[in-house]
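For reference, chains read A, B, C and D in written order, and residue numbers begin at 1 within each chain.
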Amino acid sequence: MKQIPVAVIGASGFTGLELIKILLNHPRFEIAFLGGSEGGDLLESHPSLKGVYSAAIEKSDVDRIADRAALAFLAVPHKQATAIAKALLDRGVKVVDLSADYRLNQANYEAAYGVKHGDLDNLQTAVYGLPELVGRAAIASARLTANPGCYPTATILAALPFLPYADLTAPIIVDAKSGVSGAGKQCVDRTHFVNVNENCFTYAPIVHRHAPEIKEKLSSAAQQPIEVVFAPHLLPITRGMLSSVYLRQKAPIDDPAAIARKFYAENPFVRVRDESVQIKWVAGTHYCDLFCRSHAGVLFVQSAIDNLLRGAASAAVANANLMCGLPCETALPAIAYAP
Amino acid sequence: MKQIPVAVIGASGFTGLELIKILLNHPRFEIAFLGGSEGGDLLESHPSLKGVYSAAIEKSDVDRIADRAALAFLAVPHKQATAIAKALLDRGVKVVDLSADYRLNQANYEAAYGVKHGDLDNLQTAVYGLPELVGRAAIASARLTANPGCYPTATILAALPFLPYADLTAPIIVDAKSGVSGAGKQCVDRTHFVNVNENCFTYAPIVHRHAPEIKEKLSSAAQQPIEVVFAPHLLPITRGMLSSVYLRQKAPIDDPAAIARKFYAENPFVRVRDESVQIKWVAGTHYCDLFCRSHAGVLFVQSAIDNLLRGAASAAVANANLMCGLPCETALPAIAYAP
Amino acid sequence: MKQIPVAVIGASGFTGLELIKILLNHPRFEIAFLGGSEGGDLLESHPSLKGVYSAAIEKSDVDRIADRAALAFLAVPHKQATAIAKALLDRGVKVVDLSADYRLNQANYEAAYGVKHGDLDNLQTAVYGLPELVGRAAIASARLTANPGCYPTATILAALPFLPYADLTAPIIVDAKSGVSGAGKQCVDRTHFVNVNENCFTYAPIVHRHAPEIKEKLSSAAQQPIEVVFAPHLLPITRGMLSSVYLRQKAPIDDPAAIARKFYAENPFVRVRDESVQIKWVAGTHYCDLFCRSHAGVLFVQSAIDNLLRGAASAAVANANLMCGLPCETALPAIAYAP
Amino acid sequence: MKQIPVAVIGASGFTGLELIKILLNHPRFEIAFLGGSEGGDLLESHPSLKGVYSAAIEKSDVDRIADRAALAFLAVPHKQATAIAKALLDRGVKVVDLSADYRLNQANYEAAYGVKHGDLDNLQTAVYGLPELVGRAAIASARLTANPGCYPTATILAALPFLPYADLTAPIIVDAKSGVSGAGKQCVDRTHFVNVNENCFTYAPIVHRHAPEIKEKLSSAAQQPIEVVFAPHLLPITRGMLSSVYLRQKAPIDDPAAIARKFYAENPFVRVRDESVQIKWVAGTHYCDLFCRSHAGVLFVQSAIDNLLRGAASAAVANANLMCGLPCETALPAIAYAP
């Protein structure tokens, strides 16, 4: 019954693991290729999979991938994705790129990442893979989707229903908090247990590379330039993300939750809550939970997502579903890890 | 396709939630009754289920349960299970009791819990629900299984393959560590975040009520009286359990891992590892991971399980599977929450 | 050499412990009375003090306190402080009240706490114990100081230098995060380890009782009404607090750090940093660390404090120092618990 | 009043920081030299010290150290200490070595560390710096003390009072648990937050290098060869250590706590408790807390220490105190970080 062969490039990382976990339960996708910068045994990277699934991680040769897979997930560092994506697209393989390489327009990309973009042709046609923003149809017809960053996903989903109600001449304030898995598997000072545990701090406030992504996408949605003041924080937890979004209102808003509910009426994976959202209620799932409250002319909207799922792997599978003609929600994880 | 209606009594607790999570993915069981000491909305107890599953928690009326369910999981405090179990068995409902009420023989129970046992008839026929210890056939023919405690599960699975190799005139030493979810949902000093976080300590060392359970079951398996020195610790984590078991060897053991592998050859949910086991590799699953090493005439065997799953809910579903003629492994969770 | 006898009322709580820890190292204060709602052994409440200090906790009889102490720290729940404070002041004992009872003006207090204020006379003369806001002289001449709340301390210290530069017709946005010790020693759902661990969420956003305190004090400092949008979060850590304050600027600000440094030039326990502040760098100390950055007409100021010290106990000692004619900084903890 | 100039070599690490924190409060030692493998600003390594203490970290030139300091603390990796220690001793500087280089006899050292020992002369005269084991007089007359490892400290202090009561033909079983700071400041897989958080596992069980240290010292104390089965675990906490020690008794022991209390009667920094020990009660202090219970012919003794203090820095200061003719307890931290 599994008919669509897919590749996961970057299988040894956290996002690679999450992709594999979803794909193992997917009724229509089957894993046809696991790629990495070096070959190796999947179980060495992910010992939890012992007895569940065993496979080799292979060197990411594009011809081999194209031989075996109809669609590839790229979970590789930014700046490394363009070369692989271009080669795969040339060989007729659809691509969901989880790196930052196709998220921004050329000018914003080059300013944020300090390099020339390596694949301008495909950048023109890449679709930003946030269905709530661009529509499912746009993704369904795409050959290349740029999976959104985790902070932008959480923030845009919070802000989007309220753009028509907001005075966008005032900057949107985003105070966001992420678990450590968002920083990847590599050991650096910022991921050392002792530096994270019993601690909390902002990193790269204002200048974080997700700020231009939020700004570009919200400006485009609102069709007017929007400023964003963005302060990302590291939380002493493994997975999950909260984004507090503060918008200046144009006029009093009676029932912001009703606005959000109406906006997301067709989106079962957005839950608008009457009480504060909690990371624990979404960790392990594709859900984005929202909570909103208005005070003193300011709208406070808070979103909670799992940074590795809705902020990466399950969002990628949702895009792949659409690109392959499957229902968007196919195999997206819905049962949280709570307690 | 779901044909066997089951009840979960104690649906508002942690174990209740884990049972529901497994049952929602179960191909043959369907939830027919959710019971609690008070009625209420399931989502108030478990907000993470919003959009996934909605149901009422009802007062645990035995007639109603018997009307609707063929089998009931009892996730209620010890001393409260006998009354419900007895009434349900009388009405032809099979019971998997997750409390301690049917785990011990009368003498041990009354010594450990300080009360007369309330249902001696069923105690005689209750089967201790650890298939690796009693055999799958015994459980398959039971009407009442006593689901083992979490510490006993982890400890017995570690010790069992090695009983023939151990000098059982020496006490078995068990230094075990559990996540806080094992203490239940109630707020007490020992579950206050500030008391647990950045801390570790034993509680009820030697006299913990799981000690007689380990002792009775291992003695019975070895057909000789065994002494156990048991020190349970609280870890500052939510879920998971490690049990370090130290056995005095009768004679040198060349390759303890080979002994364990052979013993568990037919048990896909026991994984014998060559490297140290880790809680993270089993959390979210029914797996029991084992690691063993021999030194100076002592065999060190360490097991890792998820205390809420292999130590409670998924073990209960495995028992229910057998009691209903299904393959033991049906719907048992295998993919860990890692990272 | 220790000449000034002081009382700690509420000795069994977290704040009581912190007060005792500071007082044990204080060159001029000596503990003359430890009070609680029930009597008992101090070591039962705080086993870490074994061998360091032993004393009885006595019932808080005001005559006995007045017999023995020249100044009393009240670390009791709000609504309970007024009766004790009044009686002690009548008996000539100076009072540092760590509850909320004397922090707000009558109208704000009665609106926030839903009761008539129990001691209007002393409320008139009580001094808000934040030296950076009211001046050391005002505290030095007070008989009763109202120790500020932890969130207000962190927030006011962040905002204060910038009030002249801010457009205060726009609400001040405060996104704050606190460790669990701020919720006190009592076991409630919100302090259960399993609910806090691997989680983060706002509680009482907008309507938290510290919001009117922040609003009243900043409005008074700015001599104009200020609106505050306040979202407090619970962090899965024991101690520490971050407050992100977002202010709309009147005009571009070149070097906000220079403004803050100048403002706090005489305050050794405020450190203005060039890099992001971290909870770990202040936990265990009286320091308030500040970081500021301007973007798009918004000033982002973040403060870090230890909620139990600068947000409670060490602030109380600083006030007591001033009220007793000692240098403000006497015995305030400066060496962090890091790593 | 501070008259004895001391050097801290390895000032940028966790142990270096703890040494500095103690020395800043020491009435007789003053910091005369801070050394590192590279020079730099102390505040870059330890931003929490801003405003408290500022100094340069200098390259560890032995002549310069000898010019300025009468005693040096070496907090450098093993294998690197011998060269520095030898040179400093040659120049008349006393040395407290916190590395493993002088802890073991030659044979054990070379077996455990796989290299020839680099300074056999001083190895002969080095004194193992555990006063409870070797006596204060031996340390007082030493020019070089080898500061014990953290696991050996916790374990030996637990076992020592009971050696005369134990059947030492049976191996001593040690199930120990440590916070992550014991692994040092370097970022490696084992210190990555995601790998530690919500996890627990043994590392290097049986073969950990602290096993021969425990074995050598206990054998020497008992004057008979002792076997040790040692399983060290990593806890998801920053600081603190528990060691569970299981001894086979020669004969029934009525009141093990009384034995321990008598043994440590002269040691104020060993506290024998009637209830289970907790890491939180010793973290931040030089205390070693003990709890003991006898069952089935086995004695269970559990110790709790702060691995960075009693297991490293404060133990080093205690040794330095003795070596400089000061009371052993001078400036040792006694007030825990609790809550």
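One rule holds in what follows: contacts are C-beta pairs under 8 Å (C-beta built on N, C-alpha and C of every residue); 3 or more make two chains touch, one makes a residue touch a chain.
Since we're looking at a predicted model, the values are computed, not measured.
> Which one of A-C, A-D or B-D makes the same contacts as B-C, at least in over half of the residue pairs?
Within A-C, A-D or B-D, the interface duplicating B-C belongs to A-D.
> Name the chain whose C-alpha centroid is farthest from the C-alpha centroid of chain A.
The chain lying farthest from chain A is D.
> Centre to centre, by mean C-alpha position, how many angstrom separate chain A and chain D?
Centre-to-centre distance between chain A and chain D: 46 Å.
> Nearest whole angstrom, what separates the Cα centre of chain B from the Cα centre of chain D?
Chain centres of chain B and chain D, defined by C-alpha means, are spaced 39 Å apart.
> I'd like to verify one number: the distance from the centre of chain C to the centre of chain D, where each centre is the average of its C-alpha atoms, in whole angstrom.
37
> Residue numbers in chain B touching 2 or more other chains?
As it turns out, chain B has residues touching two or more other chains at 14, 181, 185, 194, 197-198, 236-239, 278, 280, 339.
> Which residues of chain B touch chain C in the complex?
For chain B paired with chain C, touching residues are 14, 180-181, 185, 187-189, 191-194, 196-198, 236-238.
> Taking the complex as given, what residues does chain C use to touch chain A?
Contacts found on chain C: 170-171, 173, 175, 177, 194-195, 197-203, 205-206, 227-229, 231, 233, 235-240, 242, 244, 246, 248, 276-280, 283, 291, 293, 295-298, 300, 302, 304, 339.
> Sort out for me which residues of chain D touch chain C in the complex.
Residues of chain D touching chain C: 14, 17, 21, 24-25, 46-52, 181, 185, 198, 238-239, 268-269, 271, 273, 275, 278, 280-282, 284-285, 287, 308, 334-339.
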